[in-house]
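Listed next: structures, encoded as structure tokens.
Shared between the two complexes below is chain A, which has chain B as its partner in the first and chain C in the second.
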Partner chain A sequence: MGRTWDFLTATRGATRLHWTDWASYTYLFFGVFLMFFPVVWLVLSSFKTEADLQRYPPTFLPYQQQTVTVEGYDEPLPLFEITAGEYEGMILAQLRRVGLQAQMVDPAAPEERLRVAISDYEPVEQFSLATENYSDLFGRFSFLLYFWNSTFITVMATLIMLLTNSMAAFALSKYQFRGRTAVLLLVIGTLMIPQTVVLVPLFLIVSEMGMFNSLWGVIIPGAATPTGVFLLRQYMLTIPDEILDAARMDKASEWKIYWRIILPLSAPAIAVLAILAIMWRWNDFLWPLIVLTRSENFTLQLALNSFQGELQTQWSSLLAMTVLTLLPIAMVFMFLQQYIATGIASTGGK
Partner chain B sequence: MASIELRGVRKSFGTVEVIKGIDLSIAHGEFCVFVGPSGCGKSTLLRMISGLEDISGGEIAIGGDVVNRIPAADRGLAMVFQSYALYPHMTVRQNLSFGLENINTPKAEIASKVDQVAKMLQIDPLLDRRPKDLSGGQRQRVAIGRAVVREPRVFLFDEPLSNLDAELRVDMRGEIASLHRRLENTMIYVTHDQVEAMTMADKIAVLRLGELEQFGRPLDLYNNPRNLFVAGFIGSPKMNFITGTVDGADRTRMHLDGGEVLHLPATGFRQVAGEKVTLGVRPNHLKASEDGAMTVKVRSVEQLGGESYVYGHTASGAPITVHSPGQTRISLGDTIRVGAPEGEIHLFDSDTGLTLRES
Partner chain C sequence: MAGTRGQGADAPAPSPTRDTAPGTAIAETAGATDPRALRGAGDGIALRVIAPVMRIIEIPMLGLQRVLGINRLAWVFLLPNLLLFGLFAFLPVILNVVYATTGGDNVMLADRPGIGAGNFTRLLDCANHLDPNTCREDKFWRAVWNTVWFVTLQVGVMVGFSLLTAIVLNGKIRARGFFRSVFFFPVLLSPVVVALIWKWMLQRNGVLNAFLDWAGIGGYNWLVDAQWAFAWSVFLSVWAHMGFYTLILLAGLQAIPRDVYEAATMDRASPWRVFRRITLPLLAPTMLVVLVLALIKGVQTFDEVYAFTGGGPGTATTFIIQYIYEEGFAGSPRLFGLAAAASLLVAAVLVVLTLVQLWVNRKSVDG
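Right, the complex of A and B next:
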């Protein structure tokens, strides 16, 4: 903790702040603001009621109008502060509004009805979190189902991708065979073809194979990525061949070399690829939108999309779900980024 | 029995031939050193014996069986690599037991073997560390331990000491030699350092440009080098070479290029009158004396206390080194006379480089 603090408050000037301190801290705070503000705004907004969200000008914190239960009325009544006229300074509960006039009542003396011009009052508001945005997700909308679909796709696709890509990278980096360069160029060449171009053929293949409207239809086509193969290959090239030779002399099978030597030594690169894969998969929208049409197969991204109707959009639920969708990916990143930093392999050599 | 037999072994990378047909026979229990300058193919030859490199031609037999088509793992060899090639993500214990696990040795047996080897090499306190936490010498021991623990028929060492500092190298040299005496296995050791070769080997194979220059016991190579290359390579400091021509009439007289005349022995060499020859004489056989045949202009003197080296040029400008026991009064800029005793000289054909010694 002390070290973190020292790091965060490090300055160049020993006693006074050097001008570079001002410059760098200004720059850093600007960066933090630029990147962090939208997220904070999103999280706070996700706790606003639908009415609060529509308000202009918008407020930073979520507010709700205070209500009071008045004797003789079943529903809680909204409270207003009177700013002008006869009842100035009083806090009254509104019964109903008729045109520009409101019928109000003093919570302390509920028998008497008072008439106030609506230009003369302001709502009494208090900070309040609209947690129903979240509870609704679990109740009215089947958030958990979408969450499970997204998780299943992400986990399976990432695992399959890491396995196939690392095997391909192992072969392309550590075996000498005819056409190795050609294969590698072919793999990298696919990077030049935009996804939108292959969308239709890919869709035809997937539906021919009966994977339309199935989660596997999302998982399988993205299992091999040229980026992943290339990234892992470049990393594996740095593993000394002598270690592999040593393992061969130690009677390790090629599979064992891959599993016990290459994979552990490539851990940093695999962690990087895992983060990328998880982010790609979790945030993927276009391909699931094409393959998955039944709502019980929807991923979170598709469910989010379905909140946006043609005529109206349910912003409160949309925002709450966005926050929940962001959380896992943020946690994955926090966990794995540590791994990248610490895992840079030391070779067994000199 | 683990004798090793190479018969016309060849290796080409594309159109480049790096091993040009080598015949060699190493008896069981012998410590054989492959020595040669870098790029001579000694490491490639070792890798071919190990099975890590294919053979382009010829045959390799281990214990009488031709192993050309047998993969490295099944040849019953163990190898110690130049970079040690320890598995960086495994502890020393895991490094040692990896090979045994691969042949499905029972756990208890692995543990006892690893302990035994670790004790023998004095690495038992390090068993739970990772290679990156070890010093160079410790890594070297682990690498040797990894080879020993599998009880192979033959040990292969690929320049194992080249990453160690000078002092440690001498220690490890002794340890590998004593390991060989204890295990009595066949060992092949590759190095570019002729001192290592001389001190450790039962037999030395001198290689150059993919060819075997000479194969034999260290002192045989030292005393009877087959050609100029072996003569210059074995022995430190290097043998002095002085070129000249055998007298047209008297084959016991040699006219040095600097104009001086040297006496050659009448027997022992088959020099022909008028032939261009190279005289070889080791620095410690040269004697500084008034009646020496050659004049040497002294360029520098190294006084080591117990012995001294005088470096200079002959009359023809060829560099020459003279070793003298004890301390010397010769100093920079002196001109001295140096003689070579007839019994200690080597004579080579200047054109072919081959020795003229009668066998």
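Right, the complex of A and C next:
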């Protein structure tokens, strides 16, 4: 035991752990708890039945009352353990409740009806995942529609953004033309115009173009980003011009140089930008909220928000939907964490 | 194709983040495996899909190249992007001014009567600007003061905790990568998801109240109380965004040369003194970047708090962007002019902050 402890607390520098190390690890583990517990709690709760969600204090794991099918009754009956009185220790199925009394039967001997005070029994519960929360989403709620809307917006906006931004970055990094500095300043200028401060005129332009209540109204205005142009230009500047000259010798057209040489060579930067763009679009909220007002056009984020706003919040479906919305991003995070961190930190945007 | 790719691989491949101050160190600290590794796999499939499209585009592009010459072709490459910028960034700025100086509830500019600076006087008309009740647009001033308070608290708390976390992570810590990504994880969550997660935690019969009841402190209906709702909004916002700033500050810390610390150890400087005299001054440029970025984002807070409290109870958590949204889009009549005027005021603040940011960035790059 002592050895294990020594091993666990050993540091690279031979000395024992200082109190600051203890403080550091305490802080970090508290951080892990604070950052992960809410998400874990959300996922666990999403597997609880509506009845289980109402329970206070809540249980950590999802439980459901056990039921049993008794001969002569169509519906499965809930099981209770009798804690006091005449039938103490037996496990009985409840037929119905009348006031403070319950009519019960012994599943082994279903003919005889027994009367038990409800203060004398406790429900028999077992760990069980309420997967119907999830299957309901596909049936009763148009989850797939929202999912499709979100995916369509994310994919199309990302593709358009990558194309236009990489073309602009190519022009700004590989050509010497009059007005290049002006264009660069223009791009910097757009940094100062976040969407949040031009909502009203943007709304006019989008409705004038007939894109109000259309997914394209979300896709197109977000397609050109100054961050994207900068990120790609910065990378393309590092591609040596000699490659381009060699290609020109071989009579490659400029467009061919762009898509056969520049694009493949800046793939790492494009990958970073693609991940960022996917994240931006998937999580986008304010602009879709303005443009998409009909529920058949809702993205997942809008659908989540409108469900929770309803008077009777149906938490069981809402939680399941939240988990499914969170899932794609969590997957991306697990596999591409490093690129995301690098990309976000280098562009200063998210 | 293979030939060009070979050349590319031989060429020096600096990270794309070379010139941005915080980024430089990140690429190294994150121990980022070379993003080039991403390439290979997707290449084959992507190429097969893209190639035909690109070949079709090549035909008109070749024609344009013959007509314009190589250097002027750059404008063709710039065109789509500039078109989007013009249409969705610059044109709106001009139209915003037009909206701000006209009244009524029509979207079409032709139907809007000009009222000069009417919207601005209406927004700014106050007996005492510190007390929203004396203002004509009391909701606007409530939103302004809420935002000021929110930004102060959120940025202060967030930068403080980010700095603490970055310093802890910069120590001799095992599994640093793991801890770093744990703090970073919420950054990726969508604002609505963040809001719902915490709403679920904090509801009357939620897990926090269950814990408080169990501990004997007693639960509370947090989101019904104006001050608690505000406090939790700050908390939620810090929770969601601090990982991002931690990352930048950690990069800044790791960029401080080791030998400075070694010299301090030689001189038997106390850890506190080392922190005060070495870490903080050398981290100052990064801190400035972080502060300005956090301010810019903080002023624009909307999504997570709107989904969390809906701006309530009352107007306790209504911030300036929500005011704009509600005046212009959610309310009736839709007062576009008032919303545009308010967004111009926000834009003025943001422009100043962005200029500071660019200036800071330039300074830290040169330095």
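The criterion applied here is as follows: the second predicted complex is superposed on the first by the 275 of 350 C-alpha atoms of A that agree within 3 Å, B and C clash if a C-alpha of one lies under 4 Å from a C-alpha of the other, contacts with A are read in each partner's own complex, and residues count from 1 in each chain.
FYI, a contact is a pair of C-beta atoms (placed from the backbone, for glycine too) under 8 Å apart; a residue touches a chain by one contact, two chains touch by 3 or more.
Remember, predicted model here, so these are calculated numbers, not experimental data.
Q: Using the superposition on chain A described above, determine whether A:Pro268 touches chain B (first), chain C (second), both, or neither.
A: A:Pro268 contacts chain C only, not chain B.
Q: In the superposed arrangement, which partner chain does A:Phe47 touch: chain B (first), chain C (second), both, or neither?
A: neither
Q: On the A-aligned overlay, A:Lys251 touches which partner chain: chain B = first, chain C = second, or both, or neither?
A: first
Q: So, does A:Phe147 touch the first partner chain B, the second partner chain C, both, or neither?
A: neither
Q: What's your read, chain B or chain C touching more residues of chain A?
A: Higher number of touched chain A residues: C.
Q: Where does A:Tyr87 make contact in the superposed view: on chain B (first), on chain C (second), on both, or on neither?
A: In the superposition, A:Tyr87 contacts neither chain B nor chain C.
Q: Go through the superposed model and pick first if A:Tyr134 touches only chain B, second if only chain C, both, or neither.
A: Touch partners of A:Tyr134: none, neither chain B nor chain C.
Q: For A:Pro240 in the superposed arrangement: first (chain B), second (chain C), both or neither?
A: Both partners, chain B and chain C.
Q: Please identify the positions on chain A that touch both chain B and chain C, taking each partner from its own complex.
A: 240, 243, 247-248, 253, 256, 260-261, 264-265, 267, 345-348, 350.
Q: Write out the stretch or stretches of chain A touching chain C in their complex.
A: Touch residues, chain A against chain C: 11-13, 20-21, 24-25, 27-28, 31-32, 34-36, 38-39, 41-42, 45, 54, 56-58, 163-165, 167-168, 170-172, 175-177, 180, 183, 186-194, 196-205, 207, 220-221, 223-224, 226, 229, 231-232, 234-235, 238-240, 243, 247-248, 253-256, 258-261, 264-265, 267-269, 271-272, 279, 282-283, 285-286, 289-290, 301, 304-305, 308-309, 315, 318-319, 322, 325-326, 329-330, 332-333, 337-342, 344-348, 350.
Q: Per the contact definition, I'd like the list of chain C residues that touch chain A in the complex.
A: That would be residues 1, 4-5, 7-8, 11-20, 22-23, 26-27, 30-36, 38-39, 43, 50, 54, 57-58, 61-62, 65, 70-75, 77-78, 80-82, 84-85, 87-96, 98-99, 107-109, 164-165, 168-169, 171-173, 179-193, 196-201, 205-207, 210, 213-214, 239, 243-244, 247-248, 251, 271, 289, 293, 300, 302-303, 306-307, 310, 321, 324-325, 328-329, 336, 339-340, 343-344, 346-347, 350-351, 354-355, 358 of chain C.
Q: In the complex formed with chain A, which residues of chain B make contact?
A: It is residues 47, 50, 52, 71-74, 77-79, 81-89, 98-99, 102-103, 131-132, 136, 139, 146, 150, 163 of chain B that touch chain A.
Q: Note which residues of chain A are touching chain B in the complex, please.
A: Residues in contact with chain B: 240, 242-243, 245-253, 256, 260-261, 264-265, 267, 345-350.
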